[in-house]
Every structure is written in C-alpha cells, then in structure tokens.
Amino acid sequence: MKLFDDSKSPWVFLAPSLVLYGLYVLFPIVFTFYLSVTAWDGISSFPLPMCITSPETSCLSNFTELFEAELFWKSFTNNLLWLVFFGISPLFGLFLALFFHVKSNFASPLKTLLFMPMVFSLIVVGMIWSWFLQPGFGLVDTVLHLLKLLPPDQEFGLMTELGLAPNAGVILAAIWPHSAYCMILYLAGLSNLPKNVFEAALIDGANRWQLLWHVILPMLKPATIIVVIVTMIGALRAFDIVAIMTNGGPANSTNTLALYMYQETFVNFRYGYGASIAVVLFMISVGLILAYLRQIKKGET
Amino acid sequence: MEPRRPSWLFWLLALVLVLVWISPILATLLTSLKTLEELNQGLYWTFPKHWNLDNYIEAFVNGGFSHYFINSFIYTIPSLFGIIALSSLNGFVLSKLKFKGREKITLLFLAGMLLPFQILLIPVFYLSSNILGTYDSYLGVILFHIAFQLGFASFFMRNFMKSIPDSIIEAARMDGCSNLKIFYSVVLPLMKPAIAALSTLLFTWIWNDYLWALILIQSDELKPVTTALENLKGQWVSSYNLQSAGAIIAAIPPVLIFAFLQRHFVKGLTMGSGK
Amino acid sequence: MSTFKAKTWAFILFLSSTAHAGDLIINSMHSDPDVKKAFAQLLEDFKKENADIKVVLNTTSHEAYKVQIRTWLPNKAPDVATWFAGNRARYFIDKGLVEPIDDVWTGIDKQFSDSIKDVVTFNGKKYLMPLSYYNWGFYYRKDIFEKIGVKTPPKTWAEFTTIVEKLNKASISPIAIGIKDGWPAAAWFDYLNMRIHGYKFHMALMAGTESYLDPKVKKTFEVWQTLIKSNAFNKSAAAISWQEASALLWQGKAGMYLMGNFITTQIPKNIEDQIGFFPFPTLNPEIPNAEVAPVDVYFIPAKAAHKAEAKKFLAFLAKPETQQKFNQSVKLMPTNSTSITDAGDRFLKAGIETLRNAKNVSQFFDRDADPEVAKAGMDSFVELMARPDDINTIAKKIEAVRLRVYKK
C-alpha cells in the first residue's frame, strides 16, 4: 500500500474528484470567463475576444454595457432584496428542526410532511404559489373576499405592480422549500451533537433559552455555516422560481441577475454578454462568501 | 442531542403547524382530483365535485411515467453513490488531514457553487458532445451530476467531519491505522447522520433535475421523469389538474427516501461521540 | 470477484450506450397530447409508404425546445426538426445550419399560396416545409353581446369601441387579456399597427428598417393607450397568464378575447354555443386587411445524417392528404391550399374565411422581429398596459435596442 503512504494520501484521495470536478465545473467556469470578453452568439464557432476581432472595441465592452444597463441595476436591487428576505428561511428551518426534535415515533411522519415542499420540483412550487397569489381567482383573493377585507370588485394586486412589491410573492414562495432544506441541515446537525453537554448544562441550572443560545447554537455552528452559505448562494442565484412565477415580470419588476443572464443568453442569443453577467455575479458571490468565512474565522480565534 | 419527550400541547401545535405548512400541497392534491371544466369555472379552492383518480391515470399514461421513472432511477442511484463515496473521502481529507493547499482546495470546491450554473449549459454540452463523447447517454448525465454536486457535498462533509474530535483520529493513528483505515473504520461510521441527510438532499435534486438532462440528452428513450412533467405542460393546453397529479406521482420516490433515511438522522444520536 | 467485475463493466457499458439509432430522427416541439397523437398517426401513415425507414421521434416541450435546439443544431443534429417560420428561422438559415430544399418544392409550389411561400423562402431559396397555420381574432360571448344589445359583431373601430363602452356600463370587463408572458400584448401591437399603417410598414418595422420613434408608431401606441385608458381590459392583466385570462371569458366576466384559434380546443362544453368569432375590426378603410397567422414548419438541419430520407418525409408532409388529415384532428389549417378542409368546425371555417380575405399574413411579433427587439418590445408593451402614461419613454426603450442590434 505504498500508494496510500500518508504523506501522499491526501492527493490520492482527492484525485478522482479533482479530475471530474475540473472537467465539468472548473473548466466550464474558466471558459465562461473567456466568453465574457467575446461577442459569442452561442451557436457559431467559438470566437476570439472582441478587441482582437475588431480593434476599435474594448475587450471589456460587455462589462461597460452591463454597468450602464438599467436592467442590470434593477436585477441587482432585486437580488439584494432576496439576500435580506430569503435570509429568513434559516430561522424557519432552525425553528422547525428544534421544534420537531422530539422523542416519539409519531414525529417522523410529521417531519416527512415538513420535508415535502423540498421534494416537489421548483417548477411545481412556483406553479402552486402562482395560483395562490393569482389576482381574482387565487386563494389569497378568495380568502380576502370571504373575510370581507377586500371589496368583491377589487383584486389583491401584489403581483401586478411595477415595482418592488411583486418580489414579495416570489421570495415568499422560495422561502417555503428552502426552509425545509435548512431544516434537514439542522436536523443532521442536531443529531451530531453529544448529549452529555446538555446534561451538564442542565445540571448547571441553565434554562431553555440559555441552553439554546449558549450551548445549542454554538454547537450547531458547522450546520449554520452551511445553511448560511447555501442561503446566500440561493438568494444570489435566484432563478427557477422567478422564471416560473413571473418570468421576471411584470415588465422586469422581479428580474434577478441569474434570470437576466439566462434571458440574454438563451432568448436574446448573446452568450458573451450573458457570460459577463455570470462573471459579475460570481465576483459578488465570492466577495460575500469570503467575507462571511473571514468573519467566522475571526470569531474562532 | 437528546430529543425531549413531547406533551399534548406539542402535538396540538405541531399538527396546526404542519397543516399550515403543507397547505399548498393540499391545494395541489385537491386540484389533482378535479376536472378541467371545474377549474375553468374558477373553482380552485373547493372540494372536487366527484372524487376520482382519472387524472392520475391519465397523467401516468400521457406523461409516459412508467418509462421515465426507470430512467430517473438509473440516473439518480449511481450518481448518489458516486457523490457520497467521493465527497466523504474529500470531507475527511479536507477536515482531518493536514497538508499544503488544504484551504485552497476547500475554496475551490466552494467556488463551484457560486456561478449561476445556467451559464455552464453550452460549455458542458460541448464537453460532453465534442470532447468526452458521452452526449445522449446515461453515463454522460451521471458523470455530470457527480462532478456538479461534488462541490457542495464535499464542503458539507468537511463541515460535519470537523465536529468529530481530533482525539479519536489521533488515537487510531497511535494504533497504527493508515489514513484509509481511519477513514472507513473510524470516521465513516460517525458520519451516518450526515450521509443520510446529504443523500436525501442529493436524491431530491438529481431526481428533480430537468435542465441538465435537457442539455445532455436528446433521445426520448433516455429522458428522466421531469420530462414527463414537462410533457403534461402543453404549449396551448394547461391542464393544471393533470400537472398536479403528475407532480404528486413524481414526488413519491423522494418522499419515500426521506421517510426511510430520516430515522438515520436521529440514529446518529446513539453512535455520536458523546456516547 | 471476476463475475462481479464483469457485471460492473457490463453495467458501465450499458450506461454509456447511446439511444438506438434510426434512419430518420425527428425532433419535435409539439408536446400537446392532441398534437402528439395526431403526429404519431402521421408517422404511422408515413411508415406505411416507407416500410424500410426506421423513424425515431423525440418530443420536447415548446419552451425547452427553444433552448435545446441551440445545442444540437450546430453539432449533433437530427434529420428533421420542427420550428417557426419568419425571423426565427432566418436566424439559423443565415448561419448555414439549415439545408435548402428547393428540390422537394419543385412541382408542388403551385399548391401553396404566395403568402405561405413567402415565409419559407429566404434569399430566393426554400428552406422550410409548412404543415399547419392558424388565424387570430376575437373570440366573444354571444350571450353577453346580446344582453347589452349588440346584434352583429363589430366591423369598424367605432363599432368596436362602442361595444367596449357598453360592456363597461354593464360592469363586464370588455376585453380579456393576460400578459404574464408578454406575447398576448404583442398581438395587440401587431394588429393595431397593421390595421392603421398596413402590412408593409409593419414588416419594415419588424425587419429593423423603420424606427420605433416614427410618428406612425406613436400613433399606434396612442390608439392603444386610449383603449387602455377607457378601461377596456380586465384588471391585473400583468399578473395572469393567457390561460387564466381565457377563464374570464368562459366565466362571463369578460366579453371578448383577442387570441389564436388554438383557444377553441379549450372552450368548456357548457358554453360552447355562446362563443363566437370575429376578425380584428378595420381601423383605416384605405388599408387592406392583413392578418396574423403563424406557420409551423419542418426543416432539415445542415448536419443531418440521413438527408435523403428526410427529404422523403418532407415531401410526404407537403401532400394535401397528409396536411388535411393531420390538421383536421388538431383543429389547425393546412398550408397546402389544395387540401380540402372540412369546415365542419365553425371556428376553422371562420378562420379560413378571414385568411382568404387577408392580403398578407404576418408571423407574430416575436417571430417576425429580431429576438432582442422582440423581448424589449414585449416588456415595453406590458409596461404600457400597466402604466399607460408615457408612450415616449416606451418607444425610446425599444428604439435603443433596435439601434444596437441593427448597427452590427
């Protein structure tokens, strides 16, 4: 077993993963960076950078155009809204995980039901919430009319407005399955915790809140780090549910950077420009995640 | 962490909470039992006039579920095993072995999660079709899923393995165990809850994938179950009732997986290092 | 251990095998159950004549197909593919990805009308084989029109706006519309622009040679704006889909609906007799009527492996019997004018009548215009319908995109 000699073994263990990961993920990412300085349409053969094909154009002209585009800033603002409000889901997830962490055989079926939102593909989730919020026929309207909170001839116009309002509906729909996701991560984290710590804390006379705040949460930190990261990424990459519920509309009011990128790339046939949006989004994500990880490290030392 | 013993108040609250939580699913269930005529009259939030399972039968047949179900299993199971095997190894290496470049590799795995992945569609297509030659085959999709989920899965494993006390590893090393042995006889058994949780998530994602199958598969013969759902969504006719029925059929396997695996989330308790 | 190894290898081999090859692979985007069934029947009939050709059909839903085609068309193309006529086809043709099929067309081109031939011909060559098309127009509630004292459907704009007023007085939404997806709004732009300024100007605008800042376009927007401001459309249009809007008509909450004929397959049985059809009214008596009539076509990718078989198939598609049988079962119109259309369906009959009276047909805003301009246009139309105040800004937005696209 020379191969697994301990000084080499980390790399031997990592090798198969790195090959696959390099091929399917890293190479396409590098390639995307390259495409962002081209004017590729996504269908012709791969082009040279713009500044080489036409010397009067700058190689960064996709980026200059992007930063001048009204739609970019609109989508960016919406992503910020996502970051803030989608960020509620970890709290829901933690609450559900703690609440249902009980000793009983009947808790399992309930947990399975809680997990259901995550099982449905986002296509279906988007569809369901669209019906809920549909002006005129939707459940929200039906209930408001029944309770006489809304005159019968009026409609609940949340999703009709041109502005920030319709984002509320879309983000709400996204929180639902994402909370279930966070719940699973926390459930896994909870079962990893040693129980003697609690006994010790309880013997010391800690109450439930102190226990939660000073014992459980710090010990759930590995789970929390993952939850926070996937939530940030989820908010920054918000795509499916927007595409299904509003397709970015009305008139781009709910557009996000990922959807904007998709539309430019696959509807408008501007792969190069789309790649530049992806690169910007990538940079924003890297910045945020690194800042978060640094914060964590600081807390540790 | 030791679960508490629930009281009757807990059950009451739990029931209400769960009902509210799954009300959108209940709405889907109701819709799936209605006729299109009923829906066209705007009767969305009422009980169906006639209870019948016609939509389920029609969805199953029209969507071609029986065939696509098999395909989805062929994609999901090998991908799942591949990811779990590789990512638990990676997690172990990145959390418990000290070597130069460890942080960088961790960040590399993290970075893969940060790009809006739709932009990778065409490069991945080119790779699969013009370089690897795995286009339009099961293997092409499986390899892709393994590679694509490795970033998250490795990061997940690394984070959970960090909570294993180093003393256990050191003790095993003192006993003369090689890294490989430490990995599968010491670390892996402790990781059961994390693996169960990760498997549930991965199963759900791969099972629900539509976009990548769309790009990596052309033949109807090889398409996954999400295709069946798409098939039920016509260009002109939107039969919400059929789509709802189809959605529920397609959701059954992941729900069963969760129901089965979630016991292991909790089982980890008795195996946990606190024992 | 060795049998385990063998089994593993066999499994990997199985996983890496590709689908069974055929002699004629067809990729289709027509995933609606009815259409799929009718197309399967068409393939059966084709196989009867060509027993030696093994046909494989791959169907992908409409929206997904539009993305997918961009991967396989330049690389691993099937032998026949479905697509749209108009600018969307031109895009691929200009890139050399579509095989010209003039040889298939020789001898049969007299069987097709000029307006149809027009949309399959690019730079003097024929590239596409049309199978079906459908008309657009107003579907309305006869019972509601009767109730407000309207006996005949409107022929002129004045008659039309009078009905809008009357419906409003009766507290019924005059016109249903759902523009969650932008295209139903684009139908309004197409029709208003063609009715006011004629087919020629409209197509020049679509081709990018006329400006959106032209006073003519402004006029079109003004007519539309006046209509919107007179409360002609239902509330919350921006948040509902076109299907949800059609429910307004079925439920009697709206009086009429500008839509394509495909909507007639969805009319609930209990109100079938209450639904009537009329063509978009005349706005300018000097302008000959043009209609929106999108044509669905089939083509052979330049990279196809079995071109001879594919041409046989397209020749089969062109036949009057094929067109007749297929279209009758899906309630669309055959493009071959020698097909005998059984007008048993009154909507189909009205549609054929409408198109016969039309001097020209356009393909629809998002099929005629450049994709980027179309997207900007549809976003702007939605904005206009939600906030009908600022025509100039809306026109400027579209113009900015047009200028960028066509300066290339």
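The letters A, B and C name the chains in turn, as written, and every chain counts its residues from 1.
Just so it is clear, a contact is a pair of C-beta atoms (placed from the backbone, for glycine too) under 8 Å apart; a residue touches a chain by one contact, two chains touch by 3 or more.
On a predicted model such as this, the values are computed, not experimentally measured, just so you know.
J.: Taking mean CA positions as centres, which chain lies farthest from chain A?
T.: Of all the other chains, the one whose centre lies farthest from chain A is C.
J.: For the chain pairs A-C and B-C, which is connected through the larger number of C-beta pairs in contact?
T.: Higher C-beta contact count between the two pairs: B-C.
J.: Which whole number of Å gives the spacing of the CA centres of chain A and chain B?
T.: 16
J.: How big is the gap, in whole Å, between where the Cα atoms of chain A centre and where those of chain C centre?
T.: Using C-alpha averages as centres, the distance is 35 Å.
J.: For chain B, what residues touch not just one other chain but two or more?
T.: 42, 121-122, 210
J.: Using the touch definition from the top, which residues of chain A touch two or more other chains?
T.: 42, 137, 266
J.: Give the residues of chain C touching no fewer than two other chains, as numbers and ranges.
T.: 67, 70, 247
J.: Mind pulling up the chain C residues that touch chain B in the complex?
T.: Where chain C meets chain B, its residues are 12, 14-20, 27, 29-35, 56-62, 64, 67-68, 70-72, 75-76, 78, 241, 243, 247, 250-251, 262-263, 265-266, 268-270.
J.: Which residues of chain A touch chain C once you look at their complex with the stated criterion?
T.: Per the stated touch rule, the residues are 42-44, 133-137, 153, 155, 157-162, 166, 246-247, 249-252, 263, 266-270.
J.: Could you pull out which chain A residues touch chain B in their complex?
T.: 1, 4, 6, 9-11, 13-14, 16-18, 20-21, 23-29, 31-32, 35, 42, 99-104, 106-125, 127-129, 131-132, 137-139, 142, 176, 181, 184-185, 187-199, 216, 219, 222-223, 225-226, 229-230, 233, 236-237, 239, 257-258, 261-262, 265-266, 271, 274-275, 277-278, 281-282, 285-286, 289
J.: In the complex of these two chains, what residues of chain B are touching chain C?
T.: Touch residues, chain B against chain C: 37, 40-42, 62, 74, 78, 121-122, 125-126, 129-130, 134-140, 142, 210, 214-215, 218-222, 227, 230-231, 233-238.
J.: Considering the complex alone, what residue numbers of chain C touch chain A?
T.: Residue list for chain C touching chain A: 66-67, 70, 73-74, 91-92, 95, 97, 171, 179-182, 235-240, 244, 247-248, 371-372, 375, 379-380, 382-383, 386-387.
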